[in-house]
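The following block contains the structure, expressed as structure tokens.
Chain IDs A, B, C and D follow the sequence of writing; residue 1 opens each chain.
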Amino acid sequence: MVCGLPGIGSVAWLAVNHLQKELKAELFAEVFSPMFSPKVWLTEDGVVKLMKGEFYFWKNKGGGTDLLLFSANEQPYSPEGQYELADVVLDLGQKFEVRRVVTMGGMATDKFTEQPKVYVGGTDVALVKEIEQYGAVKLAGGAITGTNGLIFGLAKPRKIPAICLLAETPGYLSLDANAAKAALELSCKLFGISMDLHALEKQAKENSEAVQRAKDLSRGAYQHETKKGGDRELPYVS
Amino acid sequence: MVCGLPGIGSVAWLAVNHLQKELKAELFAEVFSPMFSPKVWLTEDGVVKLMKGEFYFWKNKGGGTDLLLFSANEQPYSPEGQYELADVVLDLGQKFEVRRVVTMGGMATDKFTEQPKVYVGGTDVALVKEIEQYGAVKLAGGAITGTNGLIFGLAKPRKIPAICLLAETPGYLSLDANAAKAALELSCKLFGISMDLHALEKQAKENSEAVQRAKDLSRGAYQHETKKGGDRELPYVS
Amino acid sequence: MVCGLPGIGSVAWLAVNHLQKELKAELFAEVFSPMFSPKVWLTEDGVVKLMKGEFYFWKNKGGGTDLLLFSANEQPYSPEGQYELADVVLDLGQKFEVRRVVTMGGMATDKFTEQPKVYVGGTDVALVKEIEQYGAVKLAGGAITGTNGLIFGLAKPRKIPAICLLAETPGYLSLDANAAKAALELSCKLFGISMDLHALEKQAKENSEAVQRAKDLSRGAYQHETKKGGDRELPYVS
Amino acid sequence: MVCGLPGIGSVAWLAVNHLQKELKAELFAEVFSPMFSPKVWLTEDGVVKLMKGEFYFWKNKGGGTDLLLFSANEQPYSPEGQYELADVVLDLGQKFEVRRVVTMGGMATDKFTEQPKVYVGGTDVALVKEIEQYGAVKLAGGAITGTNGLIFGLAKPRKIPAICLLAETPGYLSLDANAAKAALELSCKLFGISMDLHALEKQAKENSEAVQRAKDLSRGAYQHETKKGGDRELPYVS
């Protein structure tokens, strides 16, 4: 099961969204709730859409792992709502007897990088070590706030092995496709599935070029300060 | 069923209030709840009134559509309360087997217009197209916040066809009778009922004259800026 | 039943407190609840006291009306908590089959007066008229916020006749014994009981002298502005 | 039963933490709840930890009083959550038929002292007097906010004798081992257990030296003002 709600850089949301589209996973359940904002959206056709969470199912025709996906168009606005939604997601996960839960997020580093690191936390040491083999860096301390963190954490007392992948993102990008791609590549290795990441790569390249142009413009006037030892620091994460 | 809670320009509230008075619809149910503000009102006679929602019923003696009306003297103050009230309204609507739910609201445009457009969103494409025939403009995107939006949106998973009509209102009028009249005219066409709109027209005329006087006063000192392409923009809506 | 929670000038709280002491009414029930602040108090003996509501009973040995009293050391901090407490109070009142509920409060007028008016609102016109005969002034419009208002208002759908008495208070006094005395005198007439108001009178006299001294000090430097027609205005009430 | 949640100077948390480690008390129950912050922590091994409360049990092999300990990594963020957690703790205490509940806290005095006084409040006068014999000072008035105060206060209607110990702490120390030691010494006398306080003493000594260095630096430039009669004042307590 892969879960990704909007957060810093929309990393998790972009990753799960890409996964759903590429796999053509099917929507099979929706969550409406007062834990979401009191508003509705309209499509281009003038048709109403509620704030909601969505569950998708992908039948792996190759015989490997099937996948459940969960996403939502926002995180619940109240702390209680975030706990409640995390429980709803894990309840459904347990009904489907998911073997592993992967949540994702962005780790704001305040600097752009072409090759974002992906940090990993897990419900036990063995899991963390397994993901380190795929290239992730152990998240040795710090806090993860929000629903992506709670789904991950609340899996532990339920005895569901869970992993949280946090891709480096500068924090000033609202949609960081580069970070989403990095988190997604790791997830795919983990589930043993291959995936066309072309769409994310294209969007990531555009991000990169835009950041470069912005840097060129500001050179001379603004010397970008890189924090020393930034890799070891654990900044705000969502 | 027509629902209108206070919001921008009090458009929906004015419209439902007018409808109730003209049709002489009868009060048959009240909603008291902690989701409203912790206060009470007094009438001129010194008699207490609670914050509440009110349901009215109108028996169409001409044999056409009967009408349920819902209004309240405020929107619930908490997000959860707004969801809760929307569900209370729709529960009662379903008991009466309403065939259509119409909610209304104002769309703040920051400019006064004598002939406000009425935008429409619906629970499906066919409904939107039907209302477009009566002169409404499709609301192609954007968000509707608050209880008027939630009653509309939550009708969808209940399979009740629902429409939201948003009349242009400058945003600085607390009671925009002109916008209410525009929304109400459309509703009447939709339900096939005719209605004396004289009281709203009178109030609208007074509004219009007051705005004109204010413009005359400020001319020279203040050049009113009209936003280009304002019709396509979707500003804050409630 | 007489109810008085802390509010502007602590009018209601002072009045019910005096009533309880003079009548030697007995504590028979307490309300502890998360709707109160998360703190405790200590007495001079170092013994803990919880935030709470208290119900007192007075057996009228003269054969007239018995009295239930309710007070609390604060109003619930959340809107929902205020509704909840009002319902708890009325539930218990109904168990005791109280015939009338009187709540009190202060009406902030921003000026000190030796003979504060007492305004009255009621659950029906006849009640208001009855209290006007005792010297109260009809509260012809306006809002009453907080728990004192809600106990009064929520009595109406329960079909319990209820009265709210609001004594004028300058708003800058935290304990206005003069206003409390005015509200209490009216209540006593209403219930046909006589009462020694000496303690409140003494405290009121001290208030009055302190206000006079403050005025003497500021004369010349500060011309107190009296609002014209202030009696007809309905300022913030709690 | 000894309870200590984080608060001013982390006095209670430090004391219970030391108690648990020195006694090697065993973790036997955890409380997860939406009343805690919506976030998770990671260990140095990258393993997730939830926000939670923890219950420890110590079997007194000497045949004296066994001990239940309770701590948590934060106080619930909402007032309702603080009441809820206090009830959860007392429910479990009652199941184990605890004979006494001791909660602790810091009393911010705005000045550093090598020998912090420990103030005591209790559920009855006899208890307070008993603890005064061990050197505590009666807390004659004032309020105690937060969960440490509520566990103490809510024990009273449950008829569980309870004590709250508040050690003086300057308020500017985030971890005041000196104050924790003072509160803990008193608790140990109360339960008739002896304890190695070496670790707290070492940390306290470091605190003391750091404060002395800061004072030396600021002498001349900054004359520390001591509040007269500070012992009788009851400042903010948590």
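Note that in this section a contact is a pair of C-beta atoms (placed from the backbone, for glycine too) under 8 Å apart; a residue touches a chain by one contact, two chains touch by 3 or more.
If you're wondering where the values come from, they're calculated on a predicted model, not measured in any experiment.
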{"item": "Copies chain A and chain D touch via same or different residues, half shared test", "value": "different"}
{"item": "Averaged-CA centre spacing for the pair chain D and chain B, given as whole angstrom", "value": "56"}
{"item": "Mean-CA-position distance for chain D and chain C (Å)", "value": "39"}
{"item": "Touch-based graph of the chains, sorted into line, ring, star, complete or other", "value": "ring"}
{"item": "Contacting chain pairs - touch in the sense defined above", "value": "A-B, A-D, B-C, C-D"}
{"item": "Chain A residues touching chain B - in the complex, by the definition given at the top", "value": "30, 32-35, 37-50, 77-78"}
{"item": "Interface residues, chain B side, partner chain A - complex", "value": "79-80, 82-84, 120-125, 128, 138-147, 149-150, 152-154, 156-157, 162, 164"}
